[in-house]
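We just call them A, B, C and D in the order they show up, numbering each chain from 1.
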Amino acid sequence: MDILSLIIFSPLVAMAAVLLIPAGRKDALRTACVAGTLVPLLLASKLWMDFDPTTSDYQFVTQVSWIKSMSIQYFVGIDGLSIPLVWLTTLLMFLAPIAAWRIEKGVKGFMLLVLLLETGILGVFCSLDLFLFYVFWEVMLLPMYFLIGIWGGPRREYAAIKFFLYTLAGSVLMLLGIVALYLCVRDTVDTPFSIPLLSQMIQAKELTGSELINDGVLFGWPFLKWVFVFFFIAFAIKVPIVPFHTWLPDAHVEAPTAISMVLAGILLKLGTYGILRINLGMFPDIAIDFATIGAVIGVVSILYGAFCAMAQTDFKRLVAYSSVSHMGYVLLGAAAFTSAGLNGAAMQMFTHGTSSAMLFLLVGVAYDRAHHREIEGFGGLAGVAPYYTGLTTVGFFAALGLPGMSGFVSEFLVLLGAWEVYPVLTSLAVIGIVVTAAFLLWTLQRVFLGPLNEKYKDFPEIDKRETFTLVPLGFLCILLGVAPQLLLGHMGETLEQIRSLFG
Amino acid sequence: MTPELMAQIGALAPEISLTVAIVLTVIADLVFGARGRNLVGALGVAGVAVALWHLADPAGTHPERVFGLLQFDGFARFFRALIISGTGVVILHAVVFRGMENVSRNEFVPMLLGTALGGSLLVSTDHLLMLLLSLELLSLNSYLLAGWQRKERRSSEAALKYLVYGALASAIMVFGFSLFFGLAGDLHLSVIGAGVAEAWAGGDGSRFVVIMATALVLVGFGFKIAAFPFHFWAPDVYEGSPTPVTTFLAVSSKAAGFGMLVRFVDGVFLGDAFVGEWMKGLGHVIAVLSAVTMTYGNVTAVLQRNVKRLLAYSSIAHAGYLLMGVAVMTSSVGVDSGLDALMFYLATYYLATLGAFGCVMAIANRFGAEDLDDYQGLGWSTPFIGAMLVLFLVSLTGLPPTAGFVGKLMLFQATIDAGLYWLAVVGALNAVVSLFYYFKIARALYLRGDTEFVAGLSSRGIFPFLAHASVLALGLATVWYGLGFDGLAEWVRSSLL
Amino acid sequence: MELPGFVAADSTLLGIGLGLFCVPFLSALILIFFGRKLPRGGDWIAQTAIVSCALASIWLFLQVIVDHGQPDWRWWSATAGLDWTWLSTGPLEVTVGVFFDNLSVIMVTMVTIVASCIFFFSAGYMHGDRDYPRFFAYLSYFCFAMMGLVVVDNLLFLFVFWELVGVGSYLLIGFFYDQEEPPKASLKAFMVNRVGDVLFLLGIILAWNLFGTLRYPELFDRLAAGEFAALPAGHVLAGWSNEALLTLSGILIFCGAISKSAQIPLHTWLPDAMAGPTPVSALIHAATMVAAGVFMVGRMYPYFTPDALAFIAGIGALTALVGATMGLVMWDIKKVLAYSTMSQLGYMMLGLGVGGFVAGLFHLITHAFFKACLFLGSGSVIHAVHSQDMRDMGSLRKKMPVTYGTFLVSTLALAGVPMFAGYYSKDQIIANAMAWGMTGSVAQWIPLVFGAVGAFMTTFYMFRLVFLTFHGAPADQHRYDHAHESPPVMAIPLMVLATVAIFGGGTINPLPHVEDLWFNRMVDQPASAATLGLAIAAGDHDAGHGDDLAHGEPAGHDEPLHEPAGHAEPSHGGEVAHAGDDHAAGHSEWEEALHAAHYPALGISLLAIVLGFVLARRMYLTKATDPAEVSAKFGPMHRIISNKYYFDEIYAVGVVGSLKKLNHALATFDKNVVDGIVNLTALLSRLVAFITGLFDTYVIDGLVNFWRGLTRTLSSVLRLLQSGNARDYLTWTLVGLIILAAVLR
Amino acid sequence: MSPLAALPAMLAAVTAEPAVEPLAQAATGGLVGSLSSYMVVSGVLFVLGVATILTRRNALYVLMGTELILNAANINFVAFARFGGHGIDGQMMALVVVMLAAAEAAVALAIVLRIFHDFGSIDITRTDSLRD
């Protein structure tokens, strides 16, 4: 079995192991889950080492016929776009059970779902067959629904079903798009779901397999444009992009810390990954028509998210909205079709994965101790929890894109790449940087600085477990800020190839 | 007895074994009375097993055409397999079903077998007379089964509603038959098809006859498959009848109805003398019917509190989905793709619904819960059943990695291929709506209530075990056909008309 | 590029360059993690680190001056070998290296020396503080960032360290995190800077788009060669001329300096920043960080077009004046110094803007020392009397002679009294301003006027400060009694700095020959690459820099940038030489103006000093002392003397009162309008945020729940059909039948 | 040639549809009129059955209504068989239908008894405990 499949399915093996452990032995369950998530992390690290950054081709490819009747393949492989996300996924999923150590309710179910979730996410990033892609995409939803719905906060039911409905509404449209594409090439090629093949055929305008293409004008739009839009909506909901974003604050706020971390750290990236891989990689010609719209939406998301975040009084909600703002950069960069823009977008996906995960963990620390998240309710924690404060400061500065930290590199690249194309929009987006800094530092001040709030004069300092979850992320933020080439070097070729699609 | 007569009888082996099982169960009941409950159950299951074994046709040398009335082709085999095996599972559950403890189950089993017999004949015949006979055999048994719980007022009400409705529907259908007979002068579907074509060519008046006949017959079919607006009996009957019967109605009876419908449509309207414009009209009507049905079913299900009733509406919705297949069949292109999708979807629906009702019955046995409010938090007490129920619900919603997803995929594919884009979109959006109420069950099971363990009644013995085993098997099948559905697809493809 | 006759090898240079910011960083790391475990909070680590840096930079400094045994003032610059690829994807490549030239050598020397003094001073000042180690960790971190800012060789990394410096300032201002004020102040400081920084960033991006590189030498070469990259068609700015683009980019870049160097209108953070510990004010908000803006402008000097420079001059002049006026009314000793710093920074910008490259940077250096000294002195005072309000002080000179002496020296230097360091730099600025006025339109006189008035006020408020603090009678006996001279660890740094404040000019000749001043000899004014480049770009394009590129000999191009353009001709060829001629011509005219302006400027500033001093003395010194003696000895004469003082007071009311009114007005302007604008924007953004929030909750969620709502309503309607009445069902069936028949038709 | 050609005319008579030309053609055939009369009868029966079902609330009457419809169908079968002149399919079908009707009636009586026992009446509009 090749390494990629090992990475994808090893969590399932761990699931089997967890199933065998009686529900009563909670620590055993937690440990098993941690072990089960550690394996993929190690494998993915090896993958990172073995990855050949000098080519834009898919690597570690496994392509075997899976379902003959529809000529569906088990077709996995990674390129520069997906490998950072794969690694990030394994890392965060490894941290998740550790972060969720304190959960006492239904531990077994929790761990099982986490493992299932990991398989789903990894599958999406690795699969090169649309059917496979969709299967993993949906497999992800179910565990997420229960993880939010069972272990979440007070309004968890609402948040969970909202998340589920939203994403499903998007993905059924995507399904229609996939089916339509399949019908176009069903008769002409023997691997009608293969993403590389489809992209190549669409770019070469060889989709003549069905009358859909020939006379497929629906409501005044060429058929492929609809397919593009269907895909885009599905991904936009996942990202999420204004105005599809309102599931996000609820989901993030209600979800348990570990899950919020995964949500913000990885799930949002699925959307942007899809946009880069499918909307740009498959339909460049159509993507160009929508570029400006995309950039506008991106900037709107940046500003809108930032302003909303500023208006929040709930610590976690604030962080959630900051995610909306940060993901806007990805869209802006992607819509520019410039080398810098794409690199920035791809890197922003990774950096936001680390920084936002860090923020949610930090919020979780405060919530575990104070059992509320009202920003105004805290104050002067720095006096009682200096290390916690220190880590928070690192996290916040990483999130506000301080130079020397990864956030700056990606945002700078995005702005640099976008400015050539959308000077006005970019100049507006810059406001987002200021506002982001404003609400983050303002929060820092209200929560940690100033006179100590007497209620918390014996506020426990952050413990080893929490520190263990936070330090790697903080380290990544700084490392990639100092040496972004570590990441960009792996992604460069692929992104350059994508950019070349736009002349 | 000429050898080829013997051969023809041999082709009837599954039905014969069912009949034998009926007789044996009745005798066993007479001999042992109430004590013979498990024996009767065992005999019933055994009969089903034998029937299925025959159906698998080890010899494989049976003639397709029997007595000029029955057409034992792959299509028939497919549907017979579904109906008979479904009945078997229902018997398993019925034997352990606590809701029927105060009533005799010993007649129940032969009655069920009788309905199965009717169903399997119904899907095999292409002759109106045989069709009528087997249909009534199915229906009349069902009426009685619906009212099986003597002490239950609701049960008898269900029976009455079913009866009245069914009587009217079948009567109307028979009248339609008579018109068709008049048009063609024969009772064989193929001949009728020719007659219809001729009549359609014959001018306005005779077209009017064709239309009237079609409408009348569609009422009958609409009743059997519970399609809007002929579905009204379904929710009440599903809720009122004992759960095993509900299961049977939702699975076998519906399968039989669709088998009959497809065979009729195929024989009469899609025959050699194919009338384009007429089919176009019919196709559109059926498409609209399907859209309305699925939307109505899903939307109305949203506010239901009773799980059985909820599943009843869901089954209406799924009837709508299945009608998508018929719509594709009758649309200008893709008779085969439509039928293919329909049969595949039916199989997946069969797995999921059977499993879901199995879980519902298990929960009812254990906690006596049938309403969502009583379900709260039960998932933590029966992790296995709870998880399985969720799995089946996922399949019914149509999410990967379950068979239900593939079924929907097939349907959408066929629909888009046939150019019915709007229908595909309606179907997709309906999937979202359906998620909303299916997951009310999941929510009640896991998200609501407290996680502590509720003991409930435990049930020992071979039959409970078998019942659970069947649920597990169905669950595995659901996942298996969700991930590797080649086998099923092959079977379906080889079973097309 | 190799170093002309320079003894140190690349590797040495590189080692020093990296060491300069790595060593403080290491000490910062050690202190933040192990500080509490170390003896004496590990301050010795930080001190060792910074002192070693200081020694290294001094060595380098001497290396630059002394070459082959005898002084060789020749300008040199070096990218010290390092060429690290920071990121490189596709066409995009950003490399970074260490870059030294005389300017940066001088700068690091200044920074390290001042920092060393302050590190030692802090050991006394912060003694016994709960977070003693953290303080030194932050200080070290700040030094790391500051060094990086100076030694990197490209604009992007300058920006990186620029922000890191800002963080250092944020951390240090908010050092007393558990009080009410400091966190707010630090937040304000960071945010105001952020505003300038994003504009700076846009400027950088524009520069990148114009020249495709951010490394100084390449950048200036391409600029000088007029190699402007065309913006993509359809770009908003595509229509602009190169000059306009260059100016825009220059001004945007300067915006960074506006916030960092507390120029109008982004200066409001600086006074609040005084909430931080005094050594921090001395290091960051007097000597180094705020000067970073000036340094940046100097570093990018060839990049600025005349228009951009004029803009800089205008801002600088305004700041110089407004800052000084506000210094007059403050009672808080540190606030006075803060506004003084602000106005001095204005001077520097003014100097740079009017073309006084050397003057501005020279003032940057000298000012750093004596202003640091002043702050430390005030710190020592505050340390002694535990108050920052000058009205609680007085007569401290007896108690703390060292502090007084050093403070006085620095005051004189700041006032620009001849023979003190400040005199030599400040006069050059005034002279340059005057020359600018002479060589240009009327409006170009404004800097001179503002500068002169500012100089007068500077003297005034500084002496007011000195008198109120160290002279006169103790205002608060209790405090006075407990006041004491600071320990040597604090006193010695003061002396060191004071010494530099005296001899920083490199001479004590009151009438020096400007060209002979060490700084003027070390630092040459670079020719404006902008002028050259624009001239070339204006001329025929392909021929011009086309073959320049072909030959691709950078030396030919960066010579003129660093040599006095006057005698730059020989090294040029082709268009460059031509442009160089114009430039040289313009320059010589400028030289004359400067020469002519020299003595008048001197006169003006002397006048300003005298005026200021006299005024201050009469108001604060004599008025303060007399009443005591008089009331003690000569009761009868009391009235007369007091009458005499009526004069003073009338005078005071007459002149100073109106001045004060003006200042109050300005101060209120500052408080209400400028801060008001800041608050208003904050308010607005909160408002917008609120509205968006509402929108989110009601509209979008509304859309979301629309489906659910629709489904539910439909559901509740449709279920009415399911009446449970069998006959209704039958009816429906027949209705259905009819409908079917109808539609089938 | 089966009576198909004539059929429209007869149905036209039933559904009061003016179709002149077929009638004329029908006039040539010998037995046409009588077939049409059968058709009329069956049509009337059908309508009566429907009317019964819609108007009566007593379960038994409703079922009788369905019987009427069945019988209408029977008449059709027999008539078509007789006039169409192909075999005895029609008659067989009619017999089967009668038989089924009997069986149905048996079942129906059983159920109706239960209803009477449970609800105290056999009014189909009263049995509405199962509803939304």
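As a convention for this text, contacts are C-beta pairs under 8 Å (C-beta built on N, C-alpha and C of every residue); 3 or more make two chains touch, one makes a residue touch a chain.
These figures come from a predicted structure and were not determined experimentally.
K.L.:
When contacts are scored as defined above, which chain pair ends up with more C-beta pairs, B-D or A-B?
P.N.:
Taking the two pairs in turn, the one with more contacts turns out to be B-D.
K.L.:
Could you work out how far the Cα centre of chain B sits from that of chain D, in whole Å?
P.N.:
28
K.L.:
Using mean C-alpha positions as chain centres, tell me how far chain A is from chain B in Å, no decimals.
P.N.:
43
K.L.:
Averaging over Cα atoms per chain, report the distance between chain A and chain C in Å.
P.N.:
The mean C-alpha positions of chain A and chain C differ by 40 Å.
K.L.:
For chain A and chain D, what's the span in angstrom between their mean Cα positions?
P.N.:
So the centre of chain A lies 66 Å away from the centre of chain D.
K.L.:
Note the residues in chain A that touch 2 or more other chains, in rising order.
P.N.:
Residue numbers touching two or more other chains: 165, 169.
K.L.:
Residues of chain D that touch two or more other chains: which are they?
P.N.:
53, 62, 124, 127, 129-132 - these are the residues of chain D that touch more than one other chain.
K.L.:
Can you list the chain B residues in contact with two or more other chains?
P.N.:
Within chain B, the residues that touch at least two other chains are 160-161, 164, 168, 172, 208, 212, 235-236, 300, 432, 436.
K.L.:
Going by the touch rule set out above, what shape does the chain contact graph take here: line, ring, star, complete or other?
P.N.:
other
K.L.:
Going by the touch rule stated at the top, which chains touch which?
P.N.:
A-B, A-C, B-C, B-D, C-D
K.L.:
State the interface residues of chain C toward chain D in the complex, per the touch definition above.
P.N.:
Listed in rising order, the residues of chain C that touch chain D are 719-720, 722-727, 730-731, 734.
K.L.:
Can you list the chain D residues touching chain B in their complex?
P.N.:
2-5, 7-9, 11-12, 15, 17, 19, 22, 42, 46, 49, 53, 59, 62-63, 65-67, 69-70, 72-74, 76-77, 80-81, 84, 86, 89-90, 92-93, 96-97, 100, 103-104, 107-108, 110-112, 114-115, 117-119, 124, 127, 129-132
K.L.:
Which chain D residues qualify as touching chain C in the complex?
P.N.:
Against chain C, chain D makes touches at 50, 53-54, 57, 62, 124-125, 127-132.
K.L.:
Residue numbers of chain C touching chain B in their complex, please.
P.N.:
The touching residues are 707-708, 711-712, 714-716, 718-719, 721-722, 724, 726, 728-730, 732-733, 735-737, 739-741, 743-745.
K.L.:
Enumerate the contact residues on chain B facing chain C in the complex.
P.N.:
Against chain C, chain B makes touches at 160-161, 164-165, 168-169, 172, 208, 211-212, 214-216, 218-219, 222-223, 228-230, 232-233, 235-236, 281-282, 285, 288, 296, 299-303, 432-433, 436.
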